[in-house]
Structure formats: C-alpha cells, structure tokens
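Which chain is which? They are A, B, C and D, in the order written, and residues in each are numbered from 1.
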Amino acid sequence: MAEYNAMELMICVASRNLEDGATVVVGTGAPCAAAMLAQKTRAPNLCTMFEAGGIAPRLPAMPISVGDSRTFYKALHAGSMPDVMETCQRGMVDYCFLGGAQIDMYGNINSTLIGSEHHKPKVRFPGSGGANDLASLCWRIMVMTSQDAKRFTEKLDFVTSPGYLDGGESRYEAGLPAGTGPYRIITNMAIMGFDETSKRMKVLSVNPGYSRDDIQDNCGFDLLWSDKLADTKPPSSDELRILREEVDPNGYIIGRG
Amino acid sequence: MAEYNAMELMICVASRNLEDGATVVVGTGAPCAAAMLAQKTRAPNLCTMFEAGGIAPRLPAMPISVGDSRTFYKALHAGSMPDVMETCQRGMVDYCFLGGAQIDMYGNINSTLIGSEHHKPKVRFPGSGGANDLASLCWRIMVMTSQDAKRFTEKLDFVTSPGYLDGGESRYEAGLPAGTGPYRIITNMAIMGFDETSKRMKVLSVNPGYSRDDIQDNCGFDLLWSDKLADTKPPSSDELRILREEVDPNGYIIGRG
Amino acid sequence: MSSGELKTGNNELFTSPDVDAARGFFKEKSRALESKLSTVEEVVRTMVNPGDYIAIGGFGANRIPNAIVHELVRQGKKNLGFAGHTSTHDFQVLVAGECFDHCDIAYIIGLEARGLSPAARRYMQSGKVRVTEWTNAALAWRLKAAAMGVSFLPARSMLGTDTFAFSAAKEILCPFTGQKYAGVPALFPDFAAIHVHESDVYGNCRVRGVTVSDQDLAKASKRVVITTERIVPSESIRAHPEDTFIPFWCVDAVIEVPYGCYPGNMPYEYYSDEQHLREWLQVEKDPEAYERFVKAEILDTKDFNEYLARNGGIEKMSKLRAIEMMTDTE
Amino acid sequence: MSSGELKTGNNELFTSPDVDAARGFFKEKSRALESKLSTVEEVVRTMVNPGDYIAIGGFGANRIPNAIVHELVRQGKKNLGFAGHTSTHDFQVLVAGECFDHCDIAYIIGLEARGLSPAARRYMQSGKVRVTEWTNAALAWRLKAAAMGVSFLPARSMLGTDTFAFSAAKEILCPFTGQKYAGVPALFPDFAAIHVHESDVYGNCRVRGVTVSDQDLAKASKRVVITTERIVPSESIRAHPEDTFIPFWCVDAVIEVPYGCYPGNMPYEYYSDEQHLREWLQVEKDPEAYERFVKAEILDTKDFNEYLARNGGIEKMSKLRAIEMMTDTE
C-alpha cells in the first residue's frame, strides 16, 4: 500500500464525497485540491464555484485567492459575489468547505476571535468572510481539519458560522434553510457525521493508524459513535498519483501534510 | 410666426423643461421626441434612459418599442430593467413622462381600465407597465396630453400611477419618496403645475389661441390659476425646423398633431 | 384608512413565495453539464403542465421566444398562469390560444407605439381571466426576490394607488428606519422560455441589447428552455466567461431556432416585421377573420419554420436584417 | 430566548440606511457627461473628508485601486470608517496608516492562502478600532440594498450565530410566509475607489474577471473614483454598450493608473507579485522594521509610480504580465 500523509488522506476522502454533476463552492488550498481530484477521478462534471464569481474554470494552477485570474480561466461564467451567494441561497449549491480555529459538537465553527472582548480580542482571526453564508445556505457543509482537543472544543469563543447551533431543530428554528447543515468533518484521525435527531457529532469511520481512544482523546467533547463504524479507506495509488502529479505538483498543499 | 400643430407645441414645451446634464426616462413617441429635441437644442448632454435598459443611445430613428435595437444604438450602457428602475429608486433620475386615459386634479393617472369590475372592465388598458414605478420614483413627472373634460376628471376609475394622491402630504405619508411628484402637465391648451401646499393642479401658462374659459371648460375639475399666469411661448422656427427635419422627419409623431 | 395602518393588496397571489419549498425543487434540479438539446414540440409537450405558471423572456416583441409561444397555442395548452411583464406580441399570441386564465399584470394588451390588440382587449374584458395588478418594476423585483432565494423584497412603487389595492403586495416597515414599503412576494414561475443570440448545448448563453429581467427570470424559474439563434461551441463560451448571460445550471433545454423572435426585433440580428404586426392588429378587429388567421398562421402550420416560410421566408428575413443593419435602401 | 422573539444585533451601525436622505444626496450629484479626469493626489485630498466611511473595490489583492489606498496613507487620512468586505492587501495597507478607527468586518487581517498580516492583527487586537461583524454576502447585500434604493434587504445568513449577535442586523419576518430573515441595512459609503481595466473620461468603464460587488458599490457610494489601467475613447464604449460595467453617472473622478493594482493581480493584465506580498507579511513581524518599510515604500515615495519603480518597475511588471499570460518560462 502506498504511503501518504494526513493531508493527502483528508483530500482523498473529501473528494470521494463530491459526486459528478454536483455543485460545490471551494476556497483556496485543500478544498480546491479535493474538488480538482474529484474532477480528475470520478466526477469530471463536478461544477466548482468560487465565491468571488468564477464558475467551472479549468484551473491552470492552484489559485492563491478565490478571486484571482485562475478562478476565471476558461470558466463557463464570470459571475459576481451576490450571484454566487444568491445561487446558494436559492438552493442550487450542494457542497461547501469550511475551516476554522474551533469547532463544537454541533459543527458550529469559530473563525473570528479568541477571547472575550469583541473589540479587543486576545487573538483576532479574519472573521466570517463567506463562511457563515456558505454554512447557512449550501445543502451540505464539509470541514477538513487536523484534530486536537483545543480545536474540537466544548464551547466556542465565538460562533462565526452555524452548524446545528444548539442541536435538535434549533438550526431551522433560527430561520436557516430546511434540510441544510454540516455533513462530514474530515480529520487526520476520522470521518465524522452527525446524529439525525440530536445533531451531535458522530464518528463514522476511523482512519488507518488511529484508535477510538486517539479520536476521543483529541476531542474536547464527547463524540457519538456509529453503529456501523467503518475503517476509512486509504488513498488508492491512482488517487495519490493524480493528486501529486496533476492536482498539486508543487506540493503547495500536500507538502504541508 | 411659424405655423405649428398642438403636438409640435407640446413637444417643444416639454423639451424646454429638460435641462442639460439631467437624466430622463423616456418612452416611445412624443416624450422621446421631446428629449431628442432638447438634445439637439439646449441640452446636448441630456441623458436619456429607456426602461428596458438602453442608456444614452444615439437614436438613429424613432424607436417603436422602449426595448428595441434603436434604444441601444451606440448607447453608453445596456442595463437591465431592474438597473433602470433602481437608478430611479436611488434618486438619480430627474424626469419621466407619463400618459393615460384619465388624470385628476392631483396628477394621479389611470392607464388600467374604465369600469367598476376589475376582472371584467368595460374597457381594459395596458395597465401600469413602468408608469407607476416612474411616477413613484423619479423626481419630476411630466405629462403631455390633449385636454378634454373626460380625460381631466374629478374621479379616476382606477388610480394606476400616483400623483399627489389625495393632495397635501398624502403622497409622502403613503411612503413615496420625499420631494417627488407631478411637475408639469402639458396640454394642447395650457401648461399646468401644482400648488405647493394643496398639491392641486394649477395653470401656469396659457397656450396661444386658447382662453381661460377654454381651459376650464375642458377640465372636469376646478383648476387653480397662477398669480403670474403667463402666455406659453410658441415654438421657435429653430425648434420647429429641428423637430421636423431631424427629430421626426417621417412625421410619425408630429404628423398626428 | 390611517397612515399608521399597514395595507394589503386584495387580489390573488397565484404562486407561492415560499423559499424552502422552492429550495426543495432546486435541490433536485439537475446541475449536470450535459447536452440539453431538444425540440420545440418536445419541450412544450413535456415541460408545460396543466395549471403551470409561465413567463416569457424578452421585452414585448423584442428578443421573444416566439416559436415556444406559438407551440403553446398549437398544442392547445390551457388554464396556464401568465406573467404579463413587458408582454406585447407574446401576450397577443397567447390570447389567440386562450392559453392562460389567470394573469399577473404589469403591461398587457398593448404593442407600445403600434397600438392595442383588439383580441387581447376582448379577452381581458370577457371576465374569463383572473387578474392581479403589478408594475414592471414590481414584477422585475418579484423575479429578483426569487432569483435571490428570498420570499419578498421591499419596493417604493405601487404605494398609495389602486395598482397596490388590486395587487397581492403588502405594506411593510423597514426595521431600521420605519420607512414604509410595498413588500412584493417572490415569483417562482414553473416554466420560462427565453430567446438568446448564442448558447452552447449545455445552456450557457449570451445575449446583446435588451436584457430586461431575463437573468433573474432564468434563475427564478423551475424549468427553463432556451431558444437560440445559434448554437455555439462551448469552447467559445469559455473564451469569454464575462459574456455568459445565463449559466447552464439554470437551463433545462436548448433549441436552435433561427429567426426565433420573428416578427419581433432581435437586436443586432433583424428588425421587427412591422407590416406583419400591423396585419395581426388589423385582422383581430374581426373575430371570425381572426379565427381563420390564427388557424392558418399557427394551428395549421407544422412548426415555426412553416410560419416563417408563410411570411416571406429567408428573403423576408434578409430584408429585416438589412433594416436592423441600417443597410436597407428602401 | 424564545424562537418567537425577534433578535437584534448589538453592535454599532456606522452609516445611516435612510433612503430619503440618500436620495437627497443623489439628487444633487452631477449626472453631466463631462470629463472627470483627475489625479490621485487631488481625489484623496478633496473627496475624502474626516470621518468618512470608505470602501475599496476588488477582491482582496485582485483588481484593487492600490494607488488610492497608498495615497490615503500618504496623506495621513485618519478616523475613517471602512467596509472590510473581501479586503486583504488593501486592509493591510490602510492599517499601515491606521487610517480607519471603525470597521464593518466580513473578512479582514488575512491574505487568503498567503497567511495573516501580523500588523493588521495587532491593530485589530489593540482595542483602537470599533468593529461590527457581518459576512461577505451580508455586506454585498447591504451594498445591493443601497444600490437598489431601499433601506434593507432580507437575508438567510448570519441567523443563529454570534456573527449576527455582534452585527447591527435585525431579525424580520416575511409578511407573506412568516419566514425569519436577517434584515441587513443599506450601506451607502461616502467614498469608494474602484480599479478597472478600461474607462472613458466620463467614467463609463469595463472590467474583466472578478467583479465582486463593484457594480453595486459604484451605485451605492456617494462619491466614486475610478482608477483605470487605460483610458479609452468614449466611442469604443459606445461600440459595445453591453460591456459597460459601471455607467458614468455613478462616477465622480477618473484617473489613468497603469499597474494600479500592483502588487495584486489584475485579471488578464498581470499576476500578483507574491514575492513582494511575502515581504510585507515578513517585515510586519518586527514593528520597528515595519515602520521603516512603510516610510520607505509609501510615506517617502512621491507617488504610486515611485512605489512601482522601487519594486522593479516596468521590468517587474513585464514579468508579472508573463505569469498572467502563462508565457513565463521560469
């Protein structure tokens, strides 16, 4: 079996969740790599959208900004930011990817600040950007992140982007679109989904080399466990070859693994 | 003094109210002719807008539709209908022209129907189209129409487009933008404005060949009269020449006079 | 009525503005990048269901998908709802088939500077049609609300008038300023047909000249058919992504229909056939003659090409093209 | 808090969403078709007043009007309000001058895949800046509301989060469906600068590639300056009216600034200077070195051309152009 690093595994796992003919809003970095890998393997007509307006480009290289030239290269459409956000709001966008400094058991995400004083935080992050919008408006939200107990936390310092909020039906009672929410949390250790009723994070699959204890020890809240807990299928040699040779030949993303 | 017909007079009077550097939404026919005449006389940089989106075209001929090719010919911008309406709503459009089957003393206009049953009217007209929008959103509304007691009526069968509604401050209390409203009613007999306080129609100027009695007799409600009642200045020979030779050489509009 | 009380339009709202219901539809709508080539006959047969609410792109007689409009009449579609938004000749043709029996009205019956349609007027005075009044901007904003995925937008027109009273709008107050607005409900048509200059087989298309609300219409509508003067290679779309007016995921079917706006004006392609439009307005004055005219021009023609052939064919189209290009010498 | 109660964001609304007040301004704004050619120095000196709320077009480092941003720092503008909408390098430069002390935040501090700006982070953690949270779409819709001439729009994002709680949005209910929305207030900036590919002297301009919210920004803002890679004859604008991205009546000043987005990426013109952007991020780590850097690169340079010259001049620009054209051989 081929060797691979955690980033390569996460990108391969994420790419398998993107089916042909779906729409996905991607950012720079790993999500973009996952979408490109999906297009080059099982989903040639996966439609990638960049929040700055680029639609279905033939990316000549990894973009460094979600608005740079590459996101419009041989694109089918150069839309605007409102266009893309409204397409999400209308219900035409299936997937998005989010990241952040903290995530809780309901998939809520903090990318705003650490600390308690809003105008004078201990650590300031970029803020929502488009994350809250995509988390609110796309059908299925995915997260790729490394897992540790500080990042997977009981209580966020700031809820930047909505997961299932307080669990149960609270997301929909808040006015967010019916049927939407966090779908997969993909870490170096496991793949998580969410319990249908409580909306709490639930481990679906354990990555090679990790144990249940590893996963729970590196999580600041109690995880639920699937009845059908699976072993995460490692990257195939084809996936790795395409990822390394075609998607990210310079190792900008997978080099960090 | 040159001879002219009523349509020629109304177009010349209307054109004099359009100053250089202003914006005006025009339709087909007489309003378009008035704007073209203004451009070719004292207001070369009058910006004409068509509600279908054509902005500042160099009209090669009289358009037959406010959306036809001519309204985009060498235009500075091909906008959309929402663009134009929102530009009006934002307060960037100075003038518009309206017409209709009935008008009342507050400048309210009916272009919807005659009769009392809405879904089964005695006579059905086109409806608002963009008229209600322009009457609501532009700063100054102008009307060119022939005058008779049936058209200038005490009570409209249907208030399609707002003038000053019930007079006084009622237009603004209804939520319509501050400072907007009917500005000039230009007929074959007179030029009317509106009283500042009551917002009732007031005759400002009497056209050549007509008397105060003619004007009141051909109006279904009591007109107010300006303290400084003037004589309408007839078309100049320059205005008539340009109107006949350059604006409407085929007599499509002024031929009907 | 006191100015403090919020008024509501009294007429019928023909379509639901519910955004979660619309999202449910859009969730299932295909976003696959695959050929959507079809035919006028098939699209109208399979994509227009009884009771559907339909909308027609373009402005009046300009850039209208007339082959689809004719086919609606030819296939005898009835009981439709119709968005009477900047409609002129398209409205006139649909009236010939009495295709709709409920109608949102902004502009109907008229053909702008050409005058009014006697047949359309008779139909709208017959009492057969349930109607709700709006304005051009109100219908444009209703489509924009749907395109944006929200159930309403605030508007400053219609207020204080009978147009409002006979609409289905509702007065609302701005939560920040207290400003009064006419709230207009999102309009999600079941079916829309839009005629364009160029489209690839996926439905990525380009238009020039008048755009009206067609971008919003394509987004707002559940099923969208594009008729196009020309199919172009998708690579040519990719060469100029800024020019894509409607992206493929809005589109369900694409049909190449040259001269598809005849007798209307297709900007930069051909001018309107004013003589033929006058013929329509003239013949409508006599209901019996009009019935024969509609039978001959639409019901008894095989397809839109036959209609074009009846009315002068390629030769006539070349003349109309010369008028548009301002190269006609007559 | 019960779900039946409507919540309101607790933070400050920095600008008035009052539409009649905005209309009063727009009524007096010139719509004359006259040359608006100006200079960077003059525009910043005369069009940016103390306390003004400003917004910068483009997306992050892409198509930003960097000559104007530098000049704001060079002229020592302070106490401004800033729309932190998709801002990256522009934010970083404004922080170098501590130009703003209140800020609507959607995306700040970061330079996307390049990492975070240490200096911007220090400034935003200093307590010197009053902040209100939003999202990219919320700020886009705030500008769209203003562009439409309405004081608010309904949005389905922000709901249920601290982003909402620390915003100045208000929950509202749809009058038709009862659906809960975040109502976002119109944003009318006092001053906006937008960099474009081509403009005529009147301000009719064209862009390619990323458009973000710049069309709405141009409409929403009270005073608008366009910097352009190239001035083009107005006749070339009239030859393609469909391509006009911003019409002249939105624009108050036009300045030709070649390479005006450097070190950012101008689509189809030149790629970003990643080496120089890394230099910014690197030098910011040491506040004293950073102060010398800002002095040398901005405060002590005469104008933007000198900044370009310092950083490689035409030769560098040609290299960045080769990267953009994918003709670089390195």
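Worth pointing out:
We adopt the following convention: a residue touches a chain if its C-beta (ideal position, glycine included) is under 8 Å from a C-beta of that chain, and two chains touch if they have at least 3 such contacts.
From a predicted model like this one, the values you see are computed outputs, not experimental measurements.
We define each chain's centre as the mean of its Cα atoms; on that basis chain A and chain C are separated by 40 Å.
Chain centres here are Cα averages; for chain A and chain B they lie 57 Å apart.
With centres defined as mean CA coordinates, chain C is found 28 Å away from chain B. For chain D, the set of residues touching two or more other chains reads 19-20, 149-150, 155-156, 179, 181, 208-209, 242. Looking at chain A, residues 54, 72, 78-79, 82, 89, 137, 177 sit in touch with two or more other chains.
Viewed as a contact network, the protein chains fit none of the simple shapes, being neither a path, a ring, a star nor fully connected.
Applying the touch definition to every pair of chains gives A-C, A-D, B-C, B-D, C-D. In the complex of the two chains, the chain C residues touching chain D come out as 13, 17-20, 149-156, 170, 172, 174-177, 179, 181, 183, 185, 208-209, 242. Partner chain A is touched in their complex by these residues of chain C: 19-20, 22-27, 29-34, 146-150, 202, 204, 219, 234, 237-239, 241-242, 244, 247-249.
Residue ranges of chain D in contact with chain A, taken from their complex: 3, 11, 58-63, 84, 86, 88, 105-110, 112-114, 116, 121, 124-127, 129-131, 133-138, 140-141, 144, 155-163, 166, 171, 179-182, 208-213, 215-216, 265, 267-268, 271-272, 274, 324, 326. Per the touch definition, chain A reaches chain D in the complex via residues 27-29, 51-54, 60, 63-69, 71-72, 78-82, 85, 89, 108, 112, 117-133, 136-137, 156, 158-162, 165, 170-171, 173-177. Note for the complex: chain B touches chain D at residues 20-23, 45, 47, 54-58, 72, 74-79, 82, 86-92, 94, 137, 139, 177-179.
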